[in-house]
């Protein structure tokens, strides 16, 4: 029973079926000049209700770094949350592809104009500071929270005011969209997002990510950037066959719905256990909680796998639900936490 | 009948079966801490008869650029053939990851110490020139030729003399090994190769490449480089399941043997047609030929697909055989060329 | 009366005399193979009581970025204060030369092990985070404070514990050394500093900075880095003639002593004015104060030049003393502030 | 008697006088917001008969690398001669600042459309090759030859045809302009040059180079690039005071005229000595000759300093004249070569 991350999973049957079919099919021209890619591109524009410029890659770090390098000149800066994946967990990839990240704070891993404005104001003296060029937000965030379209609009407006662009790290984009029940368009370009790193890997594919530009001008020479990073696949069909299956018939939202439902159930049940504190609103597929360190010890003993940070007898844990998380495993987890709490209280 | 490249193909059944199994299997820890990766690593050491340090990636450009950045400091230079893939077809990726490429000449896309020595000698004045740091060779070469272990030893010796390292771009490594009938060890570390970009994508996998260091010291911090480039896969099992299947039971050599045999047959048959000139020795899975431009026109009309460069009534073509090239298609191609030649002669 | 910065100044007569002599002298081999450079190098080793490896450049940003790129691999991180010049005022230069900066807090712009340890601890998960590689401190700091040898030793010990190196941005190194009255050796290598950006520009030269490595191994290939950044001067004598004069006969400390004395006088006098709050200990050549915004307005009207930040009727100002600041100008400034305060009180 | 390079020299008296005055002058705002810089900028526009966007730096490598990074995107390529300084003697600086250099051939170190067109044609397959973005020429060239305005126009036209920009490395721009007797405008923007690295260091200043953009749009954000490279001087007056003196009253052309005259005299005299072969037309301030290796030995013995390459009993030498080369030294050199030749013939 592994709740460490949504990337400990295999892949959804629909995805691997599509891949098998693509593997057995006849020759296709390489580097994206194939029929799978054409169909995946068309689907992407359909999903966003707009002609988008889309580039398929295989890792989220590639999608983030490359898309940021399009929005941010080498001498520019992108503001992000201090807990953002791009800042803490990508080993300097965004800087490698160009530009500098400037971390700022914010509750529940979310940025607000109130936090950004004074940070941007520090860039006043000409050219000493990097040029403020973009803001990057994570949807759903690293704390499992979600930006509403209104919150995104406020950030976009702050960006426009300073001639900056808005980037969205959508490693868990499906979970955010499914959670809010809004259209993909409403939470992206209609709210002012310029570029989206659209992740599918965590939600049932093998390795499938996409850079989506809502202004086609951004995509004009972007293919060079992807190639220069070593991220252009020769047998592109194997990325885009996954995307075709993922976007067809709403599979992507169905998979995310399941993961979200599991998180909602877990969060709700845990919140009723006295010894447990829920640390962030449960708005996507992750539950962050704090409980006694002994609870973590007990769960680990019972075979549960998850990340935990211990400090002074307390344990802060992250529990991630996936497209294939089994309801019975969630119930077992709830039972185990509740049981340990009861045992403790009885002592 | 597509002879444009070995990357127009799908994937071998053994590979997609392994992938399907990996997709359906239970949770595995991400980022390479999984059982598939452990087994693929062990197989790699077995294949090379030596404990190697191996890092799995998904594109050849990633493998080349990353491995070169390990051998060449940011202020260093790597000598390569002027037709080398890293120089001409990787959009500046090697320079993006660090260091400068210095192109030199050489027959049939192969480097020799005789060509390298004067080029290296130009670096005499301290620090103005980049520091000569590595030589990169392609095995099999961009012209479909193969370096013998003796030729590699001579290059390695030239490298050692100048304190340089030897890199091998093995996008078609299987074809070279199968062609020579030597062991993988003999054509790499036993001959003085420090790092190998071991490609499997062109030979029956979906997207599977590996950086192999023969000196484990080179691998110590390399994982950071891979991550910083955006090339660390979260669901690593999907790369390494391919590798496990590829290296098991000699599949990789069997697939390459087939492609090589197709090229040998084609090269041999074409060489007997008067209007055709074979441009490079056929030593792996590619045939380079020159024939009348009208022959190309005729073949294209008949539905054959391949790259051709026209100049003054002549056509220089590249014909690439793959793991799944059908013998009957090769015969059809031979027939078509021969038929056109006969028709011409009859005029 | 310009107190905006120590770089609004011209140059000390001794420096320009040395430069004039060098300009009129006969041919010297370029790129540092000249007699001025040899003498400046010898003087540097004398000053530090140790054979050092030294590289002369012309800007502080060059010295900082280049020296950090020697201590920090491209995939590594350097921890610095969030107000550090390298983080806020170098337009991303350190990242351009390699590695990532990780800003942390600390009173009076100084780092402490207590602040660093938890920041470094965040790098636990292998390779996602950049590799903790160096700590960079500014001596004297951006707030005009000074690290004692003991404080530096504590930071160096924290570095060693994590396999990290210690970098010192010494844009105002002379002011720090003069202020403490310790030897240059005691506040650098004897305290555990690996590399020093030794600045002379702010203290009486035209443009003269140096990268000093205390472990000669760091200097072995550094000349390539300097050249690759475009920072190798062909007529090197014009940098090193400045250095020769600067280090000869203790000129550098005499110049700094004067600037420090001016700051001490100003800080002490201002601290006795009720409406003025001194924001940081005055330990080098800068005074940071807060006073009514109307005081700033009055001073500007009287022709004083300095940087000020207004907020809610208060003004936070930075007043920088230089090698050639005239005592009478300092007294005029004190008088002006005192006068305005008295006038205000009388209302 | 040092003919090794024009950078073995000191500086012209006018330059050092200007510098001394600037050093003794009162406070000036830093980073270019000073009166010297304003005047130097105005002079530059006057010299080019056009409002130009100019950025002062201190080394030619900085000027070249930075200006190229403005014209060439990170994924782009700049074509240059295989002997170009940027390709051979800048330690990879251009690639460090972005983009890739693609070396091609050409007589007397000069590029022609005939050589460029087939090289550019290789970039056909989309995105594998870097994007052809610029051509860089050296004026005067590394072989001491000069591009006429017509030759430059032909190259510019080739650039426009492919959507590329034209860069000029003018390390010896003064020598080229003085040699042709055309206006600076005619050999730059009127002929289609987009950016010029205007060098003054080799021609009588201490360290003074400038990036000149003829389209102001290129200069809009360039100040960030200069800062990010560490090339923004805080006491900018010390760069621009040199430029002011250099451009005032035609000093720059007078200095170059002298050097050119010395080279003309030397080239003409040497060409009449039977044992000497002049290798390139003498069109600026350098003479390239081939003579017996024994001649070189004899000259070295007599105290002449210059670069020579020996091969099979012959010596290829470069003799560089400077703004302050003494006519009597040139005559001594001529005499020594002639004398050795006569002595040889007499044997």
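Letters are used for the chains, namely A, B, C and D, taken in the order the chains are written, and counting of residues starts over at 1 for each.
In the analysis below, a contact is a pair of C-beta atoms (placed from the backbone, for glycine too) under 8 Å apart; a residue touches a chain by one contact, two chains touch by 3 or more.
A quick note: this is a predicted structure, and the numbers were derived from the prediction, not measured.
More C-beta pairs in contact connect the chains of C-D than those of the other pair, out of B-C and C-D. Rotation angle, chain B onto chain D, C-alpha superposition: 180 degrees, expressed as a multiple of 5. Distance from chain D peaks, on a Cα-centroid basis, for A. Chain geometry summary: the mean Cα position of chain A and that of chain C are 41 Å apart. Rounded to whole angstrom, the centroid-to-centroid distance between chain B and chain C, based on C-alpha atoms, equals 51 Å.
Per-chain Cα centroids separate chain C from chain D by 35 Å. For chain B, the set of residues touching two or more other chains reads 74-76, 90-92, 96, 127-128, 130, 224, 227-228, 232.
If you draw each protein chain as a dot and join the dots that touch, every dot ends up joined to every other dot.
Across the interface of their complex, chain C is touched by residues 2, 4-5, 7-11, 13, 15-16, 19-20, 22-30, 57-66, 90-93, 96-97, 201-202, 206-207, 224, 227-235, 237-239, 305 of chain D. Across the complex, chain D is touched by residues 74-77, 88-92, 95-96, 99-100, 103, 122, 125, 127-130 of chain B. The touching residues of chain D, when paired with chain A in their complex, are 31, 69, 73-76, 98, 126-128, 130-131, 221, 223-228, 232.
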